[in-house]
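Both complexes shown next keep subunit A, but they swap its partner, so subunit B is in the first and subunit C is in the second.
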Partner chain A sequence: MFFHNFKYCIKTMINGKVTLFWTLIFPIALATFMYMAMGNLMEKDEMFKDVKVALVEQETDNSLMLTTLFSSIKGENDEALIEPEVMDEQEAQAALNNDEVCAVIYSGDCHMDTRDENYKTSTVKNILDQYLQNSYMYKKIAEDDPDKLSEILGSMWGDTVFYTEEATTDGSQDRYNNYFFAIFAMSCLFASFSSLYTTHNIQGNVSALGMRRNISATGKLMIVCAEYAAMLMVHFVVELITLLYMKLLGVDIGHKYPAVVLTLFVGCMIGLAMGVIIGSIRNIGVGGKIGIAVGVSMVLSVMADLCVSGLKNMIEMKCPVINRINPAALITDCFYTLNVYDNYNRFTKDIVTLVIESVLLVAVSILIVRRNKYASV
Partner chain B sequence: MEYAIEVNNLVKRYKDMLALDHFNMSVKEGEVFGLLGPNGSGKTTTINCILSLLSYDKGDIKVFGKKMTSGSYDLKRDIGVVMQNVAVFDELNVYDNIDYFCGLYIKDKKLRAGYVEEAMEFVDIADYRKFVPKKLSGGLLRRLNIACGIAHKPKLIFFDEPTVAVDPQSRNNILEGIKKLNREGATIVYTSHYMEEVEQLCDRILIMDKGKSVALGTKEELKRMIKNTETITVEIADVTEELLASIKAVPHVYDVVMRDESVKVYFSGGSHNIIRLMELLKDRNITYGRVYTELPTLNDVFLEITGKELRD
Partner chain C sequence: MQVFKSYFKILRRYVGQVLMWLGIFIGMMMIILNVSSEEKTEYTDKQCLFACVDHDGSDISKELTAYLSEHHERVAGIDEDKESVQDALYNRNIHCYLVIPEGFGEAVKAGNADGMLKLMTIPGTDTASLFEGDMNGFMQKLSTLMAAGYDEGEAADIIGDSLKEHAEVKLKGNKSYFSKQERLYSYIPWILLMQLANVITPILMIYNKKELRNRIECSSYKYVNINKELLLAVIITGLGVCVPYVMMDGIMLRDNLLTVQSGLYMANMLVYMLVAVNIAFLFSKVAANDQVVSMLSNIVGLGMAFLSGVFVPMQYLGAGVIRVAHFLPAYWYVIACENIYKNGSGKFGVTLQAMGVQVLFAVAIFMITLVVGKNKKSIQN
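So, the complex of A and B:
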């Protein structure tokens, strides 16, 4: 009887294309559009490289010094981080207005024009200020006490501290990955649509199918367990397909694949559990229950940074308990911790919370739905 | 005599409304038992209580001599139900639907495959085995509904208004199918508010109203319960009071009613009543049109006992 119900539950899910659309096609389509919109934003917006500045020549010596200074600033692989380009004033202002350069530097008095204040312009400004301070200092020393000049120059090198950054993790620090983690979370929660229908169709007082199954020679618990197992398997496979697709897109989810797969499995569990509890709500038709499932899934996913970046952090500051119980936030946090941390402490806590929530939701639903006799049908 | 169903003193309340009022019913094994009554009389509530789907406030229910509970899976194995509302999976085709529901009763795959084929042949839906419910007409959908309820060859089958919104051809097929099931040994409980179906099918009929049993017996026994044994209708254009009085004086006539240029004459007992009536009209040189005679129906039984029509 178990396998019989298991088999037919899978068949109804596969034939019921609406459910498959929402749980497979929609997240994949959303991920694709997000990748097209934001795929390389980290590279473009966050990384300090390919910084173009315009240099307006006003005094020949300074412009040569500035060109040499900026060209000498190189990255780890010896690539130039700042690209100065000599232009006349009109050209430079036009390039600034068109965002072709982030700043215009006048070589005469070394002042800088910018349109926006961001870390790139701040860094260039900082370099320029250091140049001005040091060049003024050395000119003054050369004028007042030229004997001391060689000594000062020697200590300048001595004071210089060279340090390198050493990351504690090899995971991606790209914050735009959070959007894709939130898509995984949303996809897991969309599993609630399947379990919602199943729970609705097992209740004899709300559905003709439920009546027929209640009066059959197979116990309700057997039917429910078999169908839950079937839905879990189908949705887990759907999540694995989504995972594969994200990998093909180039989304970096780290290298801890067993833990990622476990996250998706537990994510499906909580999604199904959500659908079970929604499906057991009385006095609401199937349409209303679907509306609740969509609303709840989307709200929880948005709160986990699905469409609005920073919302999860804001919730963490104002009311952190929400992030501790929001299944979508827990799922995205699992992905994040796998990427950033070396140990599994926080990951384990998130997974255990998700499992406990699933068990609680299912237990409550069973208490509501387990009646074998109804007051009215 | 073995009883398939014994219901004693059943009481069921929905808040303030008394749906079943100390209701009693016994169904013999192997018979076709009709449960007749207007909408809201308690037919479906009775069935749902017997099936342990509904809780009830008082009373005792036994099926095949054993107390029926929601956990009586051995009893449920022998029960089939064809519900008023079509209960099939829209995502599964005809074959899969029947196989699924049969599988809730029969574990053996090979045995079940045979039963499914037989069920499809029985309701004549085998040609549509790959069709999904959305592609079926109303009549075919009802046949699928029946197949899902009887595929596992139950000994006791409940048909709860199975012909609602069904075309005449499909209705005949359904009724013939039920007779065949009974010939093969199944006990049938058939509920309907269509008296013609109940008269055609049932060995014994229980008429119920407002949760109570109002009459029980074979259709002949029920009809003998009432005064009327024959109604003759004659189309007469000019009807006078004198004519009506003389018709009323005909032996065995207990009532005469004038309605829409016709005269309805109600007889209680007697034979060859039509001859006596025609002789009277001929003697009086009365011109008349069509004449037809009707035997009492269950609706007449219901009307006389309760004062209202079976049909709403």
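So, the complex of A and C:
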């Protein structure tokens, strides 16, 4: 009887295209749109490279010095980060207006025109400031003790680097990945739609199918276990398809695939458990229960950065306990820790919390629906 | 006007949907408009967020931290352990974490402090470049002056004096800045489509039901009148849905309502409303039930919003995405909005062209809907 219910539950789920749409097609479509719009956002918005500046030569000319100075700013692989190009004023201003350069620098007094106030232009300006301040300092030393000047001249533009840059992780630091992690969380929580129907349909007082089932010889526990196993299997496969798609799309989810797969499995468990508890609410129609499931799933996912990046971090600052219990936040946190941490401590804590929450929700639901007798429905 | 009246009787059922989407939009706008900064006309240097732990405590390390705190924003309360720093960097709570090791001051005096400072950051980012350049520049100046025989205090004073020397910057417009009004109107394509598709489509689907349509068609009521009344009702619905956004413009952004720019924004919104109404009309011909309408509206609405510069500003979209976006009406809506913001009634041709393209989209979608409707009807018959 277990396999009979198991098989028919799978058939019902595959035929019920609505749930499959929201758990498979919608997340895939959303991920595609997000990737097309934001896949390259960190590269464009935050990385300092290929910064083009126009240099306008003037009478008191520092252009050679400035060109050398800008060209000496190198990246990790010794590539030039700033590309200065000497232009006449008209050409330079046109390039600025067409966004071909981020700044126009006049070599005479080193003043700068820009259309943007961001970290790139601030870095370019900082280099100019350093140049002017060093010139001032030279003059000062020359005034105080001209003999010292020749002594220190060599060290001034030397390669002394006082710091060692250290990355804290080998994983991706792209915070826009949070959107994709949240899509996984949303998709897992949308599994609640399936289990909601199942729990609803074993209650004789709210569903016609429930009435039929309550008079059959098969016990409720058997039905629930078979259907829960079937749903878990279907949704887990759905999540694996989404994972494969995102990987093909180019979303960086790290390389710890067994743990990622475990996260999705536990994510499906918590999604289904949420549906079970919502479905067991008495005296509410299926429409109302779907409304509750959609609302709860969406609110929890939005709080885990689905729509506004940084919301989860804001909650972490103001009231971290919410992130410790919000299943969507826990799922995204699993992805985050797998991506950037080199140990599994926090990941394990997140997974254990999700499992405990799933067991608790199912246990409460069993307490609500077990041994219900319907004298008249 | 029986059909017209019956339309609005059915519409009452969907008022909740309109209000729900309106509530979502107001919530989103409150977040977005609150985080929007005011437009600046004068350039100010950007500051990095950094945390610092000083194990040295020497005069040199104190001078360094004082300089950095003056020119950047120091964030307190972040522990030195790797995971805390990692979390803070990932969430951009800080851009850099500086560790000054013990003995740094002495090493600087001895001239062998190369690479001693430990800087945890996201390598290659513009914030890392700015902070590293500024910090290293300060240390280079300090060590040079000390090599010239000045002590730490004198060197810091000279550096302080040298800060008066800086490059003048002229900010010629601010291309990354968009006004709150522009932000408000640029989200309209998404919300308008979601509202109209989820309200108008289910109602039109009721009139498309075979039995009901046959009953109406065999009555004495003229077919032209039915369509005219439905068209009028749909446009009134569209206008009604637009009203709260104009009110939001008036309430949230008080000073702007009676300006030419506002008029142009509203005209652009009304033109897009025609597109959204036609998309809703098309959905009513292809969707089998309310659930399919919800699926279609979400896919089309979110898809257009992401690809057309509604959710992510156009300057960040790739060239390929922009090329695809040319075939989406929301792209032309956003083009019009940007031009209205930047040029007001100037370069009116650009705004007019973008609105014209939207009208063409509305007409094209209408034509497609007629063809789809005709085919569907012939199949049903």
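Structure notes:
Definition applied: the second predicted complex is superposed on the first by the 337 of 377 C-alpha atoms of A that agree within 3 Å, B and C clash if a C-alpha of one lies under 4 Å from a C-alpha of the other, contacts with A are read in each partner's own complex, and residues count from 1 in each chain.
Simple rule for what comes next: a residue touches a chain if its C-beta (ideal position, glycine included) is under 8 Å from a C-beta of that chain, and two chains touch if they have at least 3 such contacts.
Everything quoted here is computed from the prediction, not taken from an experiment.
When the two complexes are overlaid on subunit A, subunit B and subunit C sit side by side with no clash.
Judged by the touch definition given at the top, the superposed model places A:Y257 against neither subunit B nor subunit C.
Once chain A of one complex is fitted onto chain A of the other, the partner contacts of A:M1 are limited to subunit B, with no touch recorded for subunit C. Look at A:L30: by the touch rule set out above, it reaches subunit C but stays clear of subunit B. Subunit A is touched at more residues by one of its partners, and among subunit B and subunit C that partner is C.
Contacts of A:R212 after superposition: subunit B is touched, whereas subunit C is not reached.
In the superposition on chain A, A:G16 makes contact with subunit B only, not with subunit C. In the superposition on chain A, A:V340 contacts subunit C only, with no contact to subunit B. Closest contact between subunit B and subunit C, by C-alpha atoms in the overlaid model: 14 Å.
Within subunit A, not a single residue is touched by subunit B in the first complex and by subunit C in the second. Across the interface of their complex, subunit C is touched by residues 18, 21, 25-26, 29-30, 33-34, 36-38, 40-41, 44-49, 73, 75-76, 81, 96, 99, 105, 109-123, 125-130, 132-137, 140-141, 145, 148-149, 151-152, 155-156, 158, 160-169, 173, 175, 307-308, 310, 313, 316-317, 336, 340-341, 346 of subunit A.
Remark: subunit C residues 28, 31, 40, 43-46, 48, 82-83, 85-86, 89-93, 98, 108, 113-130, 132-137, 139-141, 143-145, 147-149, 158-159, 161-176, 291, 295, 298-299, 302-303, 305-307, 311-312, 315-318, 321 touch subunit A in the complex.
The part of subunit B that touches subunit A in the complex is made up of residues 14, 48, 51-55, 70-71, 73-74, 76-77, 79, 81, 83, 85-89, 91-92, 96, 100-101, 103-105, 107, 132, 148-149. By the touch criterion stated above, subunit A contacts subunit B in their complex at residues 1, 4, 8, 11-13, 15-16, 204, 207-209, 211-219, 372-377.
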